[in-house]
Structure formats: C-alpha cells, structure tokens
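Both complexes below contain chain A, partnered by chain B and then by chain C.
Up next is the complex of A and B:
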C-alpha cells in the first residue's frame, strides 16, 4: 500500500507468530452500546429478581430484613463487578449482551481472552465511565456525590485508538470484534443460460487480468441485488470496450457478456459443457421462443454456433435479434423498481 | 482519478458501523473537517448567537420575572432557538465538509480555496434549496420577527420556528442528501441539455426507494447527536465545576459552550451523512461495482489484454 493511502474501515489486522494474517471487524463505541445497555438491563433484572425472591422469603428467614439487605448488597456488588468477568471468562469473551449482538472480546494478538484479561478489562470499566459528575449540577444544595457517569473517557479512548479500545481494553491487551458475518464467495452459476453460449464467442486468446477477474467475480456476486436496467447500466462501462475488441454486435447485452466472462474465467470446462448442454436442451424444448435459433441450428451449423446465435452476439446471415432478451425460464427480476441512473457530472 | 482506489473501503455497512466509521474518518481528517465546517459554521453560529442573545438580557428578564425560575426559562428559550437555528442551517453548513470528503474519498485533497471555488458556481441553487426551501437562511428572518415583549411568541417561535422547523426536519429525514446532490453530483435545478439529470429527478431516484432507511438513520443520528452533545456538555460542566466550584448552568454556556458543542456535533453528523450517502449509493446503485468496472474499463482502454496463442491452447499463451 502506498504511503498516505491507508484505507479507512472498522478493521484490525492481526499477524500471528506463524505469519498468518487475520482480519477482524472492530466494534467501536456505537456497535458496543446496544450490547452494553443489554447487559445493564440483564444486571438490573437479576438484581430485581434477587430482591423479589428475598421479599418472598422474608417471613421464613431467622434474621428477616437484615439478611435480605445483606444479600441485596452482596448481590449488587457481585453483579456490578463480576458479571462481565464471569461471562467473558466462561463464554470466550462474550457476555449475554455480546452474544445477542454478536460481539466478542479477544486479545489484540487474536487469541481468546483469559481470566486475568477479562478481570482487568471489567474492573477498569469504572475508569472508562469517567468523567463522573456530582448531583450539584441539578441543584447547588445537593450533596457533592460524583455518581453521574458521562462515559467520556471511554468514548475518547475508543475514538483515539486504532483498535477502538477503551482504557480497560488497553490495560488488558484486548479489543472487541464483531463475529464474522460476511458470506464467503461461492461458485455462482448464471441463471441466464445464454451466458454459456456467449462464453464460447469470447476469443480464446482473451485471458483476463487478476483485477479484471476479481471485478467480474464481484459483479456476479452482487448483480442479483440490482434491477436489470441498472445491471446493464453498470456492466456497460466494461462491456462496451470488450464488445468492440471481441467484434461482437454493439447491442450485445452488457450484463450477459460479463456473465459469459464469469463462465469463461471461473467455471470448469465440465461446468461450461453442462451449461451449454442445458442451453441446447432448452432451445429444443422452447421452440417458439427460440424459433430462429432452431432454424439456423437446423441449417447444418455446429451446436456451438447455434447457441451463439441464440445469444445474438455474432453477426450471422439470419436475424439473430428476434429472440427475447431474457429466455422465458428467467426468474422474475427483483422487486426493486428501476432507478434513475446517477448523473455523469461531479462525483462518479 | 483512479476510481477503484478509495480511501474509505466501499462496501455495504450497518448504521451502527457507519457511526463507528464516522469516528475513524473524523480522527483521520480532523483538521480539514474542522476547517471546512468552520467555513460556514462559525459565521452562521456567530450570527445565531448575536440574534438570540437578547433572550438572556435584562429586558427579557423583566418579561420573565414572574416565573418561578426566570433565568432557567430564559436560558432554555435561548438554547431552543440556538439549537433550532443550527439544526436548520446544518445542511448548508455541512456542504464544504461534504465537498471535501467527496474528493478525499478518491485521495484527492482539496484546499479550502478550491472548495470555495467549487461552491461559488453552484451558490445560487444551494441558497435556493438549502437556504430557502429548507429554511437554512429563512429561519434567521423568522428570528428577526420574534416579539421581544412576550414571554413566548406563539406566531413566530411556535408556528414558524417550531412547527415549520420540525416539518422541515421531517422532510430532511426522508430526503437527506440534498447537499450531496448539489455539491458533489452538481445536479442543476432544471435540465438544459439532453441526458442531464435535474436535482429533482436525482433526489427522487436516490431517496424514494430507501425512504424507511433514511428516516431510521436520521432518527438514529439525532439520538447519537443528542448523546454526544450531552457528553460534551457534561465535560464542560465538569471543567467549570472543578475550576470555579460552580456546577450550575451559566450564561456563558449558552453563549459560548453550546455553540461550540453544536459545531463539534455538526462535524460528526456531516461525516456520518456523507457515509450514509455512500452506503445508499452502494445499496441502490451498486456503486462499488460500478467504480471497479469503470476502473477496469480505463485499464483496458489503451491496450486490451490479448495474448498470442499456439494450437488453441491457453496454457501455451505468451504475452505479446
């Protein structure tokens, strides 16, 4: 990476002693806030439950109210100081709130946190809750009790550190990460079988560069969330120069061409063969829709040529554009209505 | 401009992640963001304070002295006016920051002078949309007409500044990206050339499909702004209390601390809105894919990647 071109994201990279690099999604103050509030709610609920049980047992206890008061104080103390410590040690860096919101505290070197780290980061929570304001902010006559937390120290610490660590995290060598939620890339199959036919028309001499292959993969992974108009709009940027280079008809569908490039680049020869076989099968079963193709196919051309004509990409003697842009087997387009294309001026 | 080289990683994000990312962007470009947000922010805040400071004066005290706590009422009134004015002016104030971030996202640093040069040609439409239609400057006119002899002027304080202001916020919640459309995409108010997209068309395309998302993000940003504002106010009260022993709200908080807090919160919100704008374009238009495809097309343009091959075998291909 060039100097001064650091990419900004909520990410932390960890390189293990074995020189293996892991990337974690960091959780900053705003992603942690719901989990923190959830934990506070759980602690309050536990304390209230303790009081309720104590109240129910009051008539049966020898020391009555005194024992309940002592139990309440001990319960409050334990919940305040040991709740996070216990859960993070027992459940691999997760409290109940973190489990619900899919967060986890881990060591900065990527390992699970141990008991001492969990203890340290939870004991230092009080420091992160500073500055504490006194009750005097409401009235000059109020006692000088500093009990209103502002969380400013923790917030500032998380804002200023690269791994978004509060003071407790800095002391314990931990950070909070989001559990992996990104789906892994998988082998996509274009739903439009004509892509297999068009793939045959891509010159055999064409070998996509690494970045081009990545871009085509990214396009295929995401194209389904875009409406068909927008797909073509986006794909045109890359497809237009390629159509020219490949000598295809200018009105070849840009989306289909990128699908064809995906087929050529990412699918095995066997998969491509199967796709073409399915396309031929479809052509024979759907005669009305593929009528022209059948006619040209029957004129003694090879199977690959006839599939190419279905695609409508190579100029042939017959009119190849009598076919619908999408075969009838296509799934309906996403519910998203078409959007206006973004303007060409200003921000690209 | 290399389109696939962006400073901010372009991908879909959840709202809470965008808040966190706003902090990272703010930390990275704090000086530039302070400078650009001060460009319109400081002059307008000074005007706001000057226009509302009479509410803390002796004349206002005489009007409010029958109340149980007149000072508290006066300070609350001035704070309400100041917050409303700043909130209404915020799209206008955040425009230079938006222009800065829009260029910075492609590693193209622009100076304040360049930002001003970019804004001057579009000043007319910006003033019309953000200053007049969204009340950014009109609210100052409302402020001039507030009756100073009344404890509470229902006409201008309640209906014009309060109700109309909140209506304006409701519109902003659903159509938040007017500064980005005007300042970054440079859409004109009316189309003159074929193929040009007007502000209205672009706004409809960008906002209508994700309206619920926009409203929820706006609500979330208001809540977060409130929290950050409270945190900063607490810090100021803490400093005041420890230094002077006086922990209570004073006039100087209204006149100095509150405008400073609004300015800081505004910087954060400007960054957040820009990031949500990027996210909206990613969700709606596949912007991240478009950038990559455009960049690849640019690389292909000079010489397409064609290889010489022998015997139809790709394995034997040699770079020509």
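Up next is the complex of A and C:
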C-alpha cells in the first residue's frame, strides 16, 4: 500500500513471518457482545445438560446424589472460570460464540494466542465487567450482592485503545478480529452497458497511473451508495479534464466515463468483448430512441432489463449519436481552461 | 493496461484453491493432512502473500486487495496455531522459578503484610471485647454471628463421606472463586486491595469472636479451622498478590511503555495465581475431609503444623535466591 493510505481505525496491520503486511478487521464492543452472550447461553445450557444427565444416571450411581452434586458444583466452577480459556487454547483463539459470530482472539503481533494469554484474558474478564451493581436495584429485599455487570470498564478500555482491547486483552497482549469472509468479487460489472461502448472510445495509448487506477476502483466500489446526481458531482472533478483530453463531447456523463475507464483498466479483453456483445444485442432488440438517454443507470438494476439507452459500438457513429443531449439532471460542465493539468496528475 | 485482468484470472484459481483448502482444514485438523497436501497449502499461502505484497505493482483493484487481505489473514490463522502448554518444563516452573519469584516479589510482601496484618488486627479487636466493645458485631452483623454460633454448636465431627465430598466440591468452587475474584480485581489496584483487606477483616473478626472463650461453638470452630487454616489464608494472600502484580504494571514500568509493562507483569503473575489455586485445592480437600472428621484433635493439629512446614519449605527453602537466580534475574 502507498504511504498514507492506511485506513483510519477498526483495522490492525500485522506482519507475518513471511514478511508480508496485511490487515485485520478489528471487532468492536458491539460485535463482541453477542458472541459473549452466546457463550453465556452455551455455558448455562452445558450446566443444565450436566444436571439432566446427572439426574438420569442418579439411580445407577454409587453414593447416588453425592456424585451428581459434586459434578454439578465442580462443573459450575469450571464453566464459570475456565470455559473461555479451554476453548481459546484448544480452538486457536475461538470460543463457541466466537465461532458463530466469526471472531477470533489473536496476539497483537498477529500470532495465535497461547495458553497463558488465553488464561489471562479470560480470568481478567471480571475486572472488565465492573462496575458491578447490587441486586437491590430490582427489589429492596434482595441480598446486598454486587453481581450485576455493567461492563463499563471494558467498554471504556475498548473505546480508548486503538485496537479496541479490554483490560484482559491489554494484559494478555491480544486483540479480537473479525473473520468475515470477504466477498470474492474481483471486478464489479458496470450495470450500464454503455460503459463498454464508451471504453472503446478511450484512446488506446491512455494508461492510467497507479493512483488513478486506485481512485477509479474506489469510486466504482462506492458509487452504488450514491444517487445519480452525487455520482456526477463527484466524478466530474476527475472526468472533465479527461473528456477534454480524449476529445469527447463535453456533455458526456462523468459517471459513465469513470465506469468506462474501470472497464478498460480492470476487465480482461475477453470480458470487454462480452460486454460489447451484450450491448449490441440490447441495441438491436430494444430499438433505442437516441436522445432520451438516461446516462446514469439506477443502481442494482441488472443490465438486461435496464431502461438505459444504448450506444452504438462503432466509433464513427458514437461521436455524433452516443451522447447527443445532456440528461435533464446533468448540470452543464464547467468550461475547462486549456492550461488544465494532465488528467493523471489532476487527482485530489 | 493489458495483462492485468489476465494476471488476476490466472492467480484467481490458486486463491480459490487456497480458500477451499482452508475451509476443509478448519473442519478437520491440520495434523491429519498428508505431507504433499501440507506442502501445497504452504505453497499457496506463500504465493498469496506474495500476491498481496505485489498488489500495488499489479494495480489490483481495491476489492481484490481487500479480498487478498482477508484470504491471507484466514490462511495465516489456519497455519499458525496456538501452542499448547509445554509440559516438559512444568517441573522447573513449579519448583524452581515460581517459589523464587514469590520469595522476591514485593507484591507478595505487600499483600502478605496487608492481609495478615489486617487479619491479626481484626482478630484482636474482635477478641478483646472489653477494650473494643461492639467491633465484631459491627463487622460481622448480628445475623451472621448467630448463624456461625448455631452451625458450630451443632457441628458433629465425623460426617458421612457423601457430605464430605459435597463440601470439598463446594469449597473448591466457593473459595477458589473468591481467590480468582481477588486476582481479577487486582488489575484495578484499588478494588483489589480493598477486596483483600475486606476479606482479611471479615475472617479476622470471625476468628476473634469465636476465640473469646464464652462464644457457643467456639471450641468446635477452633478445632475445625486448625487443619486447613494455613493453606487457605496463604492462598487468599497469594491470589491478591498475583492480582496486585498485574496492577503494579500500570504504576512501575521499569522503562517500558505502560501497556508492555502490564503485559510483562501479567505473565509473571500467572504462576503465582497457579500456586494460589493449588493451595486453594489442598485447603478444600483438608477442609472437606480432615477438618470435620472424628479423628482426635492432635492429628488435625499435626496436619496444620505439617502444612505450615510444607509452605515454609516451598516459599523459603525452594524460593531462597541462589547465586544463579540472582545472576539471571532481569532487574
């Protein structure tokens, strides 16, 4: 990654023994709380199961109730203090709750946690559960036992540390990361097929710089969340100098141009070919009425049933037909002075 | 930019194979894999690492880079697994390192003084009713005093085995739980010291009150606590000391950052807590089996003396600093 592109927070970078730096998504308090509650439920269920099995075996055991009693008390003790420690040691930093919610406790240096780290972070959980409130907040007659956890100490500690660690994590040198499998999308397909057509208009000699390629990729990832007006507003800063540079019509949609550049940069020749074929097919079946082009296709709509107008694939036609009018939502592009910097360097 | 998409396309098959292998392994165990599979896995992992490092060069799109971060992270967690405790070294840790550490540990000294000091003071205040009237009543509360009197007046030495075993389990659960609470609260320093002093005060007041001589059940109480007292009181003090050691990491950093110092101290505190846990276990066995038994008092007293001697041997004889341990001591 380039210097200065590190994400702001919720990420931890670690260096592997292979000397590769990669980043983890950190899990915050509100991702960890459900896993914790799930673990509590599992422990209660285990205890009840123990009682149930004990009750079933009661007539067959020597000493009868005593053994069941002993097993229940010892089981309660082990479950309440050593459950997390056992699972995190045995299953590489995961309890059952963490498995369900796809979390994992690891060392802050990225290595897996060892037994003593697992012991420390689980034994010290009690300190993180402070402040403890007395039972009397529910009824005045309850015994004065301070057993209701508010978890304020752990919450404050997570808020104040960069790696969102509670006190137990700080002492053990661990952090909790998300293991959500990221979507294996390698490239996004622009839903507006005209991007494929426009991609052909981009001069063959044009090679985007690294930063421009990254910016375009970032833009494609995020444009789904923007409404068409905002897309053009944002894309204009990048697209307008390029439109002038490429000698395209000044009312070419900035959003569409960035989509076209994405197609050119990130899609293989094969994919581009297929995209153009689909565009041509759409054009022949739909009998387009040029001039009513809705340049910015709605997000999420698949290309085949899009009402977006299509452009001709031939370069000669496109200059005159592809973008003859500006869509009504598109404000006129500002005039570009001839001294504009070259597009590759015109990045924010 | 010609070959970028083709590069990804070529590498993608490898990435997906790695992804499939990881998902299979997390279901089974790494150890059950065949050698060639393992070699293939580490091959794929290393090349995915290299791809991630080269992502900049390749000008991969951000979503591909994100995907690679996730993939490398998952593979990393699968291949580098948590180490099990290493049992080969436990003898050395248990009988050389830990006693020596405890002997020199200032937190143990402080907590020992605090716990046994408050305990002795509270015992005296509760015992001497003439000079300090009402101390025991204020600390223990009339209700608990009555309960203690009642239970120890009725105590019959020589219970059946079933009751004894149940009580052993209860003492393990209850007393070790209190010790672990003292330990966990230690990281917050003040609550840790408060819990220690509070426990010492309560226990001392009970001892003093029951030892007055005219308290009903007093004799049974003293007979009852003789055998396990040494183990149990030492265990509480040790647990508190282990907690305070972690808390001290915040205050005395010895040139490290606060967090690093906390981590070093926490690692040092674990063996102390483990020693305390063993003592709690021994105390529970004694308290459940020997203390309420019908054996003559002399045996219980002998066991009390023996257990104190055992503690002395562990903490002083094994713990006394040798030349070697002084030489290797980091500070």
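Here, the second predicted complex is superposed on the first by the 181 of 348 C-alpha atoms of A that agree within 3 Å, B and C clash if a C-alpha of one lies under 4 Å from a C-alpha of the other, contacts with A are read in each partner's own complex, and residues count from 1 in each chain.
We adopt the following convention: contacts are C-beta pairs under 8 Å (C-beta built on N, C-alpha and C of every residue); 3 or more make two chains touch, one makes a residue touch a chain.
If you're wondering where the values come from, they're calculated on a predicted model, not measured in any experiment.
**Q** In the superposed arrangement, does A:273 touch chain B (first), chain C (second), both or neither?
**A** neither
**Q** Just chain B (first), just chain C (second), both, or neither: which does A:24 touch?
**A** second
**Q** For A:112, decide between first (touching chain B), second (touching chain C), both and neither.
**A** Touch partner of A:112: chain C, not chain B.
**Q** Per the contact definition in the header, classify A:285: touching chain B only (first), chain C only (second), both, or neither.
**A** Touch status of A:285: no partner.
**Q** With the two structures laid over each other on chain A, which partner does A:127 touch: chain B (first), chain C (second), both, or neither?
**A** In the superposed model, A:127 contacts chain C only, not chain B.
**Q** Could you say whether A:170 touches chain B, chain C, both of them, or neither, answering first, second, both or neither?
**A** second
**Q** Taking the superposition as given, does A:81 touch the first partner, chain B, the second, chain C, both, or neither?
**A** The answer is second: A:81 touches chain C but not chain B.
**Q** According to the stated criteria, A:203 is in contact with first (chain B), second (chain C), both, or neither; which is it?
**A** First partner only.
**Q** If you lay the two complexes on top of each other, which residues of chain A touch chain B in one and chain C in the other?
**A** In chain A, residues 207-208, 214, 218 are touched by chain B and also by chain C.
**Q** Considering the complex alone, what residue numbers of chain B touch chain A?
**A** 1, 3-9, 16-17, 19-21, 23-28, 102, 107, 180, 184-187, 195-197, 201-202, 204-206, 209, 224, 230-231, 234-235, 237-238, 241, 247-249, 281, 283-297, 299-301, 304-309, 312, 314, 317
**Q** Within their complex, state which residues of chain A touch chain C.
**A** The contact residues of chain A facing chain C are 1-2, 16-18, 20-24, 63-67, 69-70, 73-74, 76-77, 80-81, 88-89, 92-93, 104, 106, 110-116, 118-120, 123-127, 130, 153, 167, 170-173, 177, 179-188, 207-208, 210, 213-214, 217-218, 220-221, 264-269, 271.
**Q** So in the complex, the part of chain A that touches chain B is made up of which residues?
**A** Going through chain A, the ones touching chain B are 4-11, 25-31, 33-34, 131, 133-134, 136-137, 140, 148, 150-152, 155, 158-160, 164, 203-209, 211-212, 214-215, 218-219, 222-223, 225-226, 230, 234-235, 237-238, 240-242, 245, 336-337, 339-348.
**Q** What residues of chain C sit close enough to touch chain A in their complex?
**A** The touching residues are 1-2, 4-6, 8-9, 12, 16, 19, 45-46, 49-50, 52-53, 56, 59, 61-70, 72-74, 76-77, 80-85, 161-163, 165-166, 168-170, 172-173, 176-177, 180-181, 183-188, 191, 246, 249, 259, 262-263, 266-267, 270, 273.
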